[in-house]
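First chain written, first letter: the chains are A, B, C, D, E and F, and each begins at residue 1.
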Amino acid sequence: MRPSGRDLNQMRAVSIETGFTKHAEGSCLIKMGDTHVLCTATIEDRVPPFIKGSGLGWVTAEYGMLPRATNTRMRREAAMGKQGGRTVEIQRLIGRALRAGVDRVALGERQISIDCDVLQADGGTRCASITGGWVALRLAVNKLMKTGEVKIDPLVDPVAAVSCGIYAGQPVLDLDYPEDSEAGVDGNFIMTGSGQLIEVQMSAEGSMFSREQMDTLMDLATKGTAELAELQKAACA
Amino acid sequence: MRPSGRDLNQMRAVSIETGFTKHAEGSCLIKMGDTHVLCTATIEDRVPPFIKGSGLGWVTAEYGMLPRATNTRMRREAAMGKQGGRTVEIQRLIGRALRAGVDRVALGERQISIDCDVLQADGGTRCASITGGWVALRLAVNKLMKTGEVKIDPLVDPVAAVSCGIYAGQPVLDLDYPEDSEAGVDGNFIMTGSGQLIEVQMSAEGSMFSREQMDTLMDLATKGTAELAELQKAACA
Amino acid sequence: MRPSGRDLNQMRAVSIETGFTKHAEGSCLIKMGDTHVLCTATIEDRVPPFIKGSGLGWVTAEYGMLPRATNTRMRREAAMGKQGGRTVEIQRLIGRALRAGVDRVALGERQISIDCDVLQADGGTRCASITGGWVALRLAVNKLMKTGEVKIDPLVDPVAAVSCGIYAGQPVLDLDYPEDSEAGVDGNFIMTGSGQLIEVQMSAEGSMFSREQMDTLMDLATKGTAELAELQKAACA
Amino acid sequence: MRPSGRDLNQMRAVSIETGFTKHAEGSCLIKMGDTHVLCTATIEDRVPPFIKGSGLGWVTAEYGMLPRATNTRMRREAAMGKQGGRTVEIQRLIGRALRAGVDRVALGERQISIDCDVLQADGGTRCASITGGWVALRLAVNKLMKTGEVKIDPLVDPVAAVSCGIYAGQPVLDLDYPEDSEAGVDGNFIMTGSGQLIEVQMSAEGSMFSREQMDTLMDLATKGTAELAELQKAACA
Amino acid sequence: MRPSGRDLNQMRAVSIETGFTKHAEGSCLIKMGDTHVLCTATIEDRVPPFIKGSGLGWVTAEYGMLPRATNTRMRREAAMGKQGGRTVEIQRLIGRALRAGVDRVALGERQISIDCDVLQADGGTRCASITGGWVALRLAVNKLMKTGEVKIDPLVDPVAAVSCGIYAGQPVLDLDYPEDSEAGVDGNFIMTGSGQLIEVQMSAEGSMFSREQMDTLMDLATKGTAELAELQKAACA
Amino acid sequence: MRPSGRDLNQMRAVSIETGFTKHAEGSCLIKMGDTHVLCTATIEDRVPPFIKGSGLGWVTAEYGMLPRATNTRMRREAAMGKQGGRTVEIQRLIGRALRAGVDRVALGERQISIDCDVLQADGGTRCASITGGWVALRLAVNKLMKTGEVKIDPLVDPVAAVSCGIYAGQPVLDLDYPEDSEAGVDGNFIMTGSGQLIEVQMSAEGSMFSREQMDTLMDLATKGTAELAELQKAACA
């Protein structure tokens, strides 16, 4: 029995509101249940030094959580003077995941920066960031294609992410915070709309897991990311 | 002629959506035209060391801007490793302003932290933060009164803030970004609903000003903050 | 009755000793009663990036307090690894105030950096810094005019600053520390020698204030800054 | 054909020299080919605040690389003033992995800190750190059991880690640096000696991967970690 | 021929003005030629953790230079976010030197913090800081003895410091900046009034030195510190 | 009686293993008794800004200690976010010492960076770093001479360092940790193989010292550095 009453293989209600802020080249507010993340995409002419002159594009990401996005207030990272280890780990994952879904030659020598800021958290913020971040990226790339700055679409297939885990001994899809904080195994799965794998991270949290359990979680994730990819396409249509 | 077509003494459209996030003891999304600020209030049992044991309460504030709240992306302060001078100055102002409107004996020895995060900026973010911050504070104090933790209402009168300035030689109320970036004189006025003064800051930006001009701006500010106070009361009703 | 026995509209004894250090292009030790600030001006060929190539000059300021300038020792900011919020706020104010009194076209594309270091503090350090900072600036500009690097005097009128406030229910001029720490309202007024306004900051500290009180404080400040302007001129003659 | 001439499923030569430094409660120098990592274990009486009084133990890890462990010199993190994102990510992984293999009730309320410092790098430093870190941990726990401070062995099964990836289209075991820098898919697998899974991380680097490829890499990793577990046991015997 | 026209074994004019600031328990402005350092002593009840409960006292020091104490403006360390290596080295030296001259049992479990801030620099700032720092320390200890908090004088003999070096092939006493910047060998000598050695630092700067040269510099330093000790005693009388 | 049973003028056993790591242009593991330091030399084409275009070379050094190199674990400086004062002081000393032994014209406009990382500490780590650092430097310069990039040998004479001090009232050579922590006087002596002086640092730690004691320590240091110079030459042969 899941705390939310959902079926084992049931996602939370997902909504994606595009154009949530007016300045960014692409933006959306993604809600996966009570997890709300504002994602924006910024197009910049500069690229990191190590690819300057290569003709290749770059996608990078930054992640943040508002101090009271969570149940108890967390210290503001800007006031602490540095990003915590969890933040660094998450934003590296988001950047890597989105970059994997981009044809960097087609994008051309420019950078798109994705900012994912969690307004309200209830588990799965990194997955929501990737899924919403791809929508912001898609909208920004649409602008570049409309103006002709980019000729060939560098985004073939949506990149979506979902968490799965072993909760109360059962494999479940799309953990919310009450499940996440109790889960014995916790995994993040990043896949394309057509089911290709981009990143898999599974981690024992209290109890180890077998290869059979791993396979079951993979099945759930495949179902979840396929559903998300449909929602991403619909939001950008 | 104002870029927005507003009258000289006309505010932008203002809306205040309370309960925008679920975890905070008080929260609202305040919109002053295209300036959108998410304000949350957190009740904490601890107080700063210098008033420990005094029986007095404390109100403090932190301010942030999402990197792409503005027309061009700004660097994330958490990633830069420190809050900029402008941020520090603004959050000190917000805290001072809200504190001035609180009966700290009635609040009792506890701290309320106000977080003001700008989701979208179009001028006047510090004033919107104070006005919305007071609403979040009001809602949090309501909770304390409902549970009986606080007996006497420590908030008598709303605290509201508005900017006024000399734009194109004319005194105008509630500057938006196009006006703010061109204004010769720029002021922030923080007042109570009943017209008492809490903080006045006026600054020459390119041209100095006379005492007569100062008086005219004060008149505009008095009108603006009175209107805001009505909206604050309505939102909390 | 003021702790110092001064009349309500009486300044502390002020002295300005120019040439206090030998390396700076302009320098003075300003004493406003027991508040002693060493101000130096440094001429630099570079300007901030955002005005490079514009032909305009720039004036900036930094502020510091020696650890034992105050009654109890404060931690050294260099050792803490950052400037505190109060320091940042003050040095931004000093720079803004002095800049407002400069014809930046006449100054030409160069920067003058004003360093204000408090050797001993007894209230009003930011006002003393602005008043003394202007003297250092004046002396440095004199050098540039003597060598012909600057042809038209970019400084028309002295910039002076004084604090006023409501102490024990009475409006008083030039608060010293015992008054400042008890004042219900505290304001900083920056004006030119001819009575133009550059910056006004008034802040409720414990009790709010009315527009009538604001007007009285403005009158006191006008008297005080006019007196300071005469002393500035005499010191630079 | 692998650059080193190894078979697809062949590990590099591995050696583990225990007692490499004299002060630590446990230490070893692990060599996986040309990757050399010095691992030390420190027993401390204190635990992190969030488990104080719980009776549970804690294992944590820190990771570093000497500046010239690599082919070109990297900047020293201590001199840069912060640990890079890669370092933070790796040391969190090491800590999580080792902790998963510990019975924290049996360990009792104490902390063991594992330091992994890379003296020479040639790919796979995080895996070598985990494998060598477990040996240091084992030796430190042995001391606690000899003195009777710990009665029941909190370490049942070795924790070992190995990297696998798709290099030149082929799944290979234990990537060295020339392979790692060219691999299309890169994974780190952390398992116990008896084949339980602790953490799996697979990441597309240039090309995505299928579930079949994932399965093949899992097979290789199972072989590799089983071999490492034998070497760990032998080193601690 | 020395640039200043001084004899090889001649010090610069030295003056010590005690009571330069009013808040500190001890203070002086020491001038060694054009090198001017403000030294203050602060008595604190706390001691560093490692001697808590030992009954022993502690003396520590911090050093700073105002940005325009030098010929070209240096960046303010507080603004840079850290103290430079030279500053750290100097303040450790000052603390060590002064501590060596203190009977820490007689001082009792309290800390005296010496702040040395260079208002104007012309070579030899660390030596002036030690010499002036001892005067501030002496004055602070006098207060403790007057109130009876300290019964036995913990300061038996003055601690003084002077620099000597090989300039233009000649050993000279008390280097000023023009000499210091050209010297082939540079040394700092810290001695007591009765000629005991506390710290000797000699360093080749361009040319190495022989033991004979070292002996000559020691002779000069002995003369210089004896003269300084007389001035210290006179200033504190 | 020395804790180790050594004679007063007897060094610890010293070994220098060259080529300890494969990537650096020069490297060695130097062991002075139980003090083990890994020294590497990196040749870089860039030089510091202040000598750019001068044709002169530069040698610089960085120093670090692994957290558990010592008896109790020290906090990792990279994790603390800055290098401690002791580290800064030591690495400045190493750089200065090695630079003094280099003909910077002969080296040509390039930089050699020496990294000294203490794997295990038992007193005298800075001296071991200098002695081992010179060996790494020698090996790197040999490479430059073999390729013809450097024509004239910029290293004439080895630079070696040893500590001496007054332990239990007796002057002793090459202090180990038990001696160092109890010594009343502690000195570091840096000399060339032919007995020229580069740097002398002597410091009272608890008891002052006389000129006679200083002379005795100098004699011991001359003996010790001569022995080390022979070992350095042998290691590089």
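To be clear about the criterion, a residue touches a chain if its C-beta (ideal position, glycine included) is under 8 Å from a C-beta of that chain, and two chains touch if they have at least 3 such contacts.
Heads up on the chains, UniProt names are A, B, C, D, E, F = Ribonuclease PH.
Owing to the predicted nature of the structure, the values given are computational and were not obtained by experimental measurement.
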At minimum, the number of touching-chain hops separating chain C (Ribonuclease PH) from chain D (Ribonuclease PH) is 3
In contact with chain A (Ribonuclease PH) as well as chain B (Ribonuclease PH), sorted by label, we have none
To bring the C-alpha trace of chain D (Ribonuclease PH) onto its twin chain E (Ribonuclease PH), one rotates it, in degrees rounded to the nearest 5, by 120
Among B-C, D-F or E-F, the pair repeating the A-B interface (over half the contact pairs identical) is D-F
Note: chain D (Ribonuclease PH) sits from chain A (Ribonuclease PH) at a C-alpha centroid distance in Å of 28
Between the Cα centroids of chain A (Ribonuclease PH) and chain E (Ribonuclease PH) the separation in whole angstrom comes to 59
CA centroids of chain A (Ribonuclease PH) and chain F (Ribonuclease PH): separation to the nearest Å works out as 51
So chain C (Ribonuclease PH) residues touching two or more other chains come to 81-82
Cyclic order, anchored at chain A (Ribonuclease PH) and moving toward chain B (Ribonuclease PH), comes out as A, B, C, E, F, D
Chain A (Ribonuclease PH) residues touching chain B (Ribonuclease PH) in their complex are 21-24, 27, 34, 36, 38, 40, 42, 44, 62, 64, 66-71, 73, 76-83, 87, 113, 115, 117, 119-121
The answer for chain A (Ribonuclease PH) against chain D (Ribonuclease PH) in the complex is residues 82, 85, 88-89, 91-92, 96, 100, 192, 196-205, 208-211, 214, 218
